[in-house]
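For reference, the structure discussed in these notes is given below.
Letters are used for the chains, namely A, B, C, D and E, taken in the order the chains are written, and counting of residues starts over at 1 for each.
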């Protein structure tokens, strides 16, 4: 019988018991300062790319913490690396490195996941 | 509508009238479980000796239309004012409401009138202009489950059956599902508040069963008004019901008890639909978990006939497994019989799966 | 030695010696206020309803933000009161204050009567009853405990286990339970819960390094000078995770763990999490005895039910009834150090009051 | 039109009940059945309405967002500030329909279907739902038992003691002409009919805009209905 | 025949020669066609002489090291030049002895063994000189040994860490000349063919003298040589031959162009791991000791370069300044960054093609300047005074200049921003582009193709205004220390214009660490790994140095330097633009008549 496509849309609920934390652990290994983020949004407010489009650095951090790698890898391409975020961060998080690490890991994952 | 308490809701006792009720029927219950309303009247009148008046003139409260946002609040108020007018005309002061949506609407309108007297005046004027009627506010507004809850012990005394397993003597495990609009909008209008409402667990325990808690107990069944009404939106409804079934599955309940006509129907039908989609049930083998309303359960323990009196054949999920566990004597042959036992055809199949496939 | 004091002061000092002050409540505020007054030569009676002084601090395991021992604080205060010659009366709960001819008559249920020229009410606070937040399941689910339970358990057993006797692998700490919540009638902030939560989170991490600890908060109100650095440390060193969103409901799962539902408000998405243990940061409420103490005199509650001050800036310790003063958390939620400071300022107010007492001339 | 949105919203008493002051705690979204499945966040809707930002409110009125709510009112129970996002949604939906903004969104356009279905049931039968129009082919989820009930309607209802389309009291009785008349007049007097007409009016405009025109140059609402049923 | 003693030496030499030929051919062939052409064209007498001169100065005399540290210079020179002279003179000696220009290649090496007589022309002088040069070399070896164990004596804080291959080569190198001394000493004792050094040594070890001992020593000497030659290709001593090639290739104008090619290898193999870059690198102060250029070069060679090293560099360029081999460390590092980030995606589809405003001058403040609004305000004031028709290009919405992306290795991504900005700049019809940030300045000058648009750094622009007397700053006695921003000073070679501007406003105090050797403020965008705490250490170090000169104000010409220094509370930091504007204001207060027009300008700005 028809299924009303009832699993679509699937749950948007963040399921803390099942999420892909590989990217997060990678970033935390090389940039432990990320753990101190307080989501103040200072980075987003100053962001050069965010001034031109709906790019949101704070959300990048949140997605990273919730394992939303898919969303993240799309969004992170908008970053211009200008480094303003790092300069305004009240917790002195090296955000620029966080983004570099994400990019690195995503490119690695892409190659790893490619069919041989 | 300030809701403020320094006492535990679960200890909250709402005032439920004792006698002389004006019955307000439910669109959905009449449609899908008409016998439940009939048996409610019988229990009150015959078993409990109460006076309850069933007025043919009252109409839908338009609550489904209201919550699907096609009926304005003013219209809802005026329609409800008319129901109250009918009630006053017959000399009644206590409402017994069959439908949870209606129950929520009545309470919302009453609360609004209390807080905004202008709204009441406007509704009164609309009613006067439209029908020449005047109305009075009821003294007591209770849902039919409130009334059954109030007399649960009397029903237990008269009961022919108890909610225990006939063979093992163990109490039957029953999960409850309280319709959202019963207590979530106005916890003070409920028995035991919205978190651990006692209205259904009280019945289960009074009649010998065991009430089982499960994580998604308070989650909505997923009706969602406009979501079920539009075919394309039904994924919302079924997904939410599924969430509940997944959550209750590990507890292996013998039955689901609801007080809301909509939830009652959905929890019954969605089990079938999910089984068709997913090829599995969340309990009760290929049949699924029987879903009963408070009137139906009360009728069962009092010994009413499951088919003729309670109309349980109109459920998709068979109730027979439950009847057998309790030890209720019934005639399987009469299940799908017409008036006076006349043969009228049978459904293609009942339960969750077609045994012929 | 009196030749160094002006006449007026010699006169008042002599006069003060005959004054009697009653302090209601033998918690830290009462003890501090009583000992300060007694050291100034006043006669002081400290009335405590429990069998010993020390109040709620007797139950606490560690104090924020330095993890110091509350036992030491109580011990020092005990010594101070004894040395200062405070008359300590335990097992007595004052339920009545009446003013007659400028003096106060304090009585309890058993008709014990104490007369005083001034009264300090240091009746403390009442811990919010978490069973009122039914959706959190306190009292229903044994793996839901309060911050007070945590302190008691830690003090008693020195370890934190679930009901099943296992070490929790994941703990959620819920902020604002019973605070900032119109549904339970408390619209104020209890102020000390945030830092308490962070302190307890760190303690859990120190004890169980493998255990994940989550704090569900709406606003972190870390007003103290060292509080925010403790927050940073909690993140940095102890890997405590902070989720901005109020817990909506907790439900028990078959394995007795708890399913939590909240919103990750920074993302705008609902969030579900299973945890082994939930700690509810219960706030401070007005003490239950407040209403009986207010009866028969002019004392009034403020909008939150605590004792109303004449002026919240300049006369915070001064009650609406002349001659009755308040100290500590009877006024509003406060931390240990603030309570002690507040008690000292209450003592000063009492002395000023007695000096200028019109019935005795004063100046 | 936009400058009046705030006053339009505030003219509904339900907004006063539904929104006192939101503190952004997210307790509503946490248990919202719709938030779990849709890009929907009742908290942010409350905040938008609270902000009074007309531009954002106007966007909201034209979006699918406000139509995701299932009106379960679970949000009402928990809010620590006694707000009720569900009620705010009701007011937004009302204004969206009054101003015609609803036809700009797919979910909003469905209101036309509900008027034609539930709306007409109320006026025609005095019931919100009636067995005669619950056709099994439109309701496959109702299963074989309902099919059996539907096909043997008179007999089944009678066998369980219901009074289907009968006079006098009982389940599914026929609502008499006099009572239906009163209901009609109430709808007329209290604005219910006008509301139906408003929804139809804007739907017709939308149908024309989408090119559903019959040979008389009027909106072809049959085709529009089919379009809405298929629109995903 | 005792000729077998030449075998170890000969085998080693042949192996080395073959490896060198193989590598040089591979490297040269790996260059691009254009680069090969450049190399061929460079073989003209004049350029070749220049290269040879450089080989002589740097490869043998080690002039750069001498300048930096005479002892270290002497050590390198004594080893390289001493050995070179030994070889050259040895050949001449053999030619004189054999009276032939054609001599067997091994003979000069083992001459004292084979030629026992002393009867040829000027043999005494030869043997004296040979002994003298040997002494020089030996002193070098002694210094090298001393350096390894007592590096502080050489003014060095650090020496490089050694690997096994290097250790083998090092040991054999250290052994060569002492063994030669012993062998020649023994021969001198036996045959009397030595001079002051060898004869003396011969006397000392005379008690052991015998033909067989002599043979053993000469064999050991040959073995040490052979061993050294064999180990050389896989050790850091490969830099000795490679450096010669590097000098020719570099002088031919060959550069790295964003991607690795064999020029990378040539540079990598040219690194002698002398460790001079370690001392110039500020990061050691912050405890970062694994990411200096020498390690990067080594790890490129060993193929185990990590991101944590590669991106942990300020790109300040100080290591490049003193590199004795002249390796272009910054280019090399950025190229590695480009290589490592090739797979990274970036998408700037959101960049709008906003219409350019017609203007004669464009001001591009840049991202960093937006965090120092004081600089923007000052620039606006100056533009206003100059009466320029200025379009403030990135006042509202404009992408970054692209330089930060380049520093992070994402060259392709940067090009996308460059294209967008270029279109706007050219579209405005402006003749001048003024920037107030050295980071932007560098990229606008080096990577943008802006045709006739003149790119001016604000220091240049302001000094032009001063020279043309459009603005009149008042000179005061304020003591100013000027901090050279890395990107501007070492990066673009601009040292004077900012100082010129500052001299018009106050007293510019010269400091020891300035210009080429200026500190990095620590804020560098080039380093993606360094933490803020580590940056603070570098900043504090710089500030402490500057504070010795008791400045009233620390001037800089970079918003990032300003922002970095501003976090240090102990010193007042101002951008040159701010200093100029404030000095104009002060002088305007003193001489109100002259500056009445300008006052209006201030008033406007103040609103």
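One rule holds in what follows: a contact is a pair of C-beta atoms (placed from the backbone, for glycine too) under 8 Å apart; a residue touches a chain by one contact, two chains touch by 3 or more.
Chain labels with UniProt names: A = 4Fe-4S dicluster domain-containing protein; B = Heterodisulfide reductase subunit B; D = 4Fe-4S ferredoxin-type domain-containing protein; E = (Fe-S)-binding protein.
The structure displayed is predicted, hence computed values, not measured ones.
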For chain C and chain E, which third chains touch each of them? A
In the contact graph of chains, the distance from chain D to chain E in steps is 2
Chain whose Cα centroid lies at the greatest distance from that of chain B: E
Determine which two chains are connected by the greatest number of contacting C-beta pairs. B-D
Grab the C-alpha centre of each chain and report whichever is closest to the global C-alpha centre. A
Can you tell me which chain lies farthest from chain C, using the average of the Cα atoms as each chain's centre? E
Report the inter-centroid distance (CA atoms only) between chain B and chain C in whole Å. 47
Report the inter-chain centroid distance for chain B and chain D in whole angstrom, where each centroid is the mean of the CA atoms. 22
Using mean C-alpha positions as chain centres, tell me how far chain A is from chain E in Å, no decimals. 37
Sequence positions of chain C contacting 2 or more other chains: 135, 182-183, 244, 249, 264, 269-271
Residue numbers in chain A touching 2 or more other chains? 1, 4, 9, 11-13, 33
Give me the residue numbers in chain E that touch at least two other chains, ranges are fine. none
In the complex, chain A touches chain D at residues 1-2, 4, 9-13
Note: in the complex, chain C contacts chain D through residues 135, 176, 180-183, 218, 244-249, 261-265, 268-271
Parts of chain A lying in touch with chain E, wherever the complex brings them together: 30, 33, 46, 48-49, 51-53, 55, 73, 77-84, 86-88, 92, 94, 96-97, 100, 103-104, 106-107, 110-111
Over in the complex, which chain D residues touch chain A? Could you list them? 35-39, 140-141
Which of the residues in chain C come into contact with chain A in the complex? 232, 235-236, 239, 241-242, 244, 264, 266-267, 269-274
